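Alright, structures below, take your time with them.
Next, two complexes with chain A in common: one pairs it with chain B, the other with chain C.
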Partner chain A sequence: MAPDGMVGIVIVSHSPKVAEGAADMVRQMVGDAVPLAWTGGDPGGGLGTDIARIIAAIDAAWSEAGVAILVDLGGAETNSEMAVEMIEESRRGRVVICNAPVVEGAVIAATEASGGSSLEAVKSAAEELYVQ
Partner chain B sequence: MSNESVGSHAADPRTAEVPLINKVGLHARPSVKLTQLAKSFASSVELALDPAGPWTDAKSPVKVMRVKAPRGATLYFRISGPDADAALTAMVGLVERRFDEADG
Partner chain C sequence: MDTADKERIVCAVAETIIASADELTALDQAIGDGDHGINMKRGFEAVLADLPRLAAKPLPDMAKALGMALVMKVGGASGPLYGTLMMEFAKTIPDTPTRADAVASFGRAIEAVKARGKSEPGQKTMLDVLVPVHAALTDGADAEAVKTAASAAADRTIPLRAIRGRASFLGERSIGHMDPGARSSALILSALADALEG
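Moving on to the complex of A and B:
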């Protein structure tokens, strides 16, 4: 186990149902040890993502080992990038956005994190999904 | 006792074969459990569907899922490292226990 604990996982989808469902899959398949948070939907109840909610999710899943974010489409990624830019500098370098499919990536990233892997290894494992 | 440096170990890997008897084979959830267990050992842990390979890193969840080992397949393990014996016992045990799945 890394001295800083397990890397945290944040799931960001336009749909709260997708985000919550992906989180359910992580909990059932990987377990409860990995810090995990999800967010989806805009404040008005529609589909979308919200920077403040993404920041809150990063806080909720925070680990000294860092946080890996899984996103679905377009705005989820750009809003996540803006959320990362808005958190304080001391933590910013320990938050990464994975280039991976949101559901499968969340499960794989959490699996990797549960073994105590570094943030870099967690990101690489999720991104392996797009390698043929 | 040889004078090899600390951390060296037997060159011969530990191997075992075990039938995949759980209901679904190496689907996602069993793959996750197998990977998590493999990661708990310092040794390199590889698996294959054939003793001639190709060998897959059992610590990589993506690679393990891609093996798509079906029920009835024989899993071959190849393990090298300081805790290879314990790792081999544990890996074979997990498969024999059907990955501790209630309906497995």
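Moving on to the complex of A and C:
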């Protein structure tokens, strides 16, 4: 186990149902050991993403070992990048956005995190899904 | 530029976008996820609701606050992109800018949008309007010339194939539709040009 605990996972989808469903799958795989948060939907309640809620999700899943974010489509990535730039400076370098499919990426990243891997290892485990 | 001027200019831009929400949504339904008009309307309604407070700020602070409102309220990718444009503009614009100051700050803001969207002109995005309009402004364009350049630039996105954003999923099928972000940029810049000259 890394001295700072397990890497946290944040799931960001345009759809709250997709985000919650992906989080359910992660929980079934790794239980409650890995810090996990999800968010979906725009500020008006429609499909989209909301920076304020992404920031809240990063806070909720915060771990000193860092946080890996899984996103679905373009706007989720752009809004997550913006959210990372808006969190407190000391944490910014320990939050990464994974270039990976949101559901499979979240499950693989959480599985890797549950073994106590570093943030870099968690990110590459998720991103390997795209290079296979 | 006093508080009343700022209020009038921001209001003109916001009302233009709100009035065009259906058109922007229709364009986005063709090649995106159909929410551009709704998202932009929500963002600019938030701006209007806060207008007296925003307009009372010095210009750089107002631009920053406008950008932040768009980032937090728009929801789609266009929120961070327009928000970045405004917040980066805010970083270098003086409180009482000359035309040259404004054009230079606009140019630096466009560079930040390129970085945020990991995009360049020619990929069927708002950059296909922002970049040529900035070039026209550099060449001394007046309001009429800005509007002509903006409208022509948005039209030129019709035959382009989308490389970035949701429309890129459509590949060849994105050809033949105007980019909604290019259209909203043309609307904003045209409303701004009229309001600044008025």
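Operating definition for what follows: the second predicted complex is superposed on the first by the 132 of 132 C-alpha atoms of A that agree within 3 Å, B and C clash if a C-alpha of one lies under 4 Å from a C-alpha of the other, contacts with A are read in each partner's own complex, and residues count from 1 in each chain.
Note that in this section a contact is a pair of C-beta atoms (placed from the backbone, for glycine too) under 8 Å apart; a residue touches a chain by one contact, two chains touch by 3 or more.
Computed from a predicted structure; not experimentally measured.
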item	value
Room on chain A for both chain B and chain C (clash or fit)	fit
Partner chain in contact with A:52 - chain B first, chain C second, else both or neither	second
First, second, both or neither for A:78, with chain B first and chain C second	second
Partner chain(s) touched by A:129 [first = chain B, second = chain C, both, neither]	first
Chain B versus chain C as contact partner of A:115, first or second or both or neither	first
Partner chain(s) touched by A:107 [first = chain B, second = chain C, both, neither]	first
First, second, both or neither for A:44, with chain B first and chain C second	second
Per-residue touch tally on chain A - higher for chain B or for chain C	C
Least C-alpha distance (whole Å) that remains between chain C and chain B when both complexes are overlaid	26
Touching both chain B and chain C, residues of chain A	none
Interfacial residue positions of chain C with respect to chain A in the complex	33, 35, 38-39, 42, 71-81, 83-84, 116-117, 164-166
Touch list for chain A against partner chain B, complex	28-30, 107-108, 111-112, 114-117, 125, 128-129
Complex contacts: residues of chain B adjacent to chain A	28-29, 32, 35-36, 39-40, 59-63
Interfacial residue positions of chain A with respect to chain C in the complex	14, 42-44, 46-52, 73-75, 78-79, 81-82
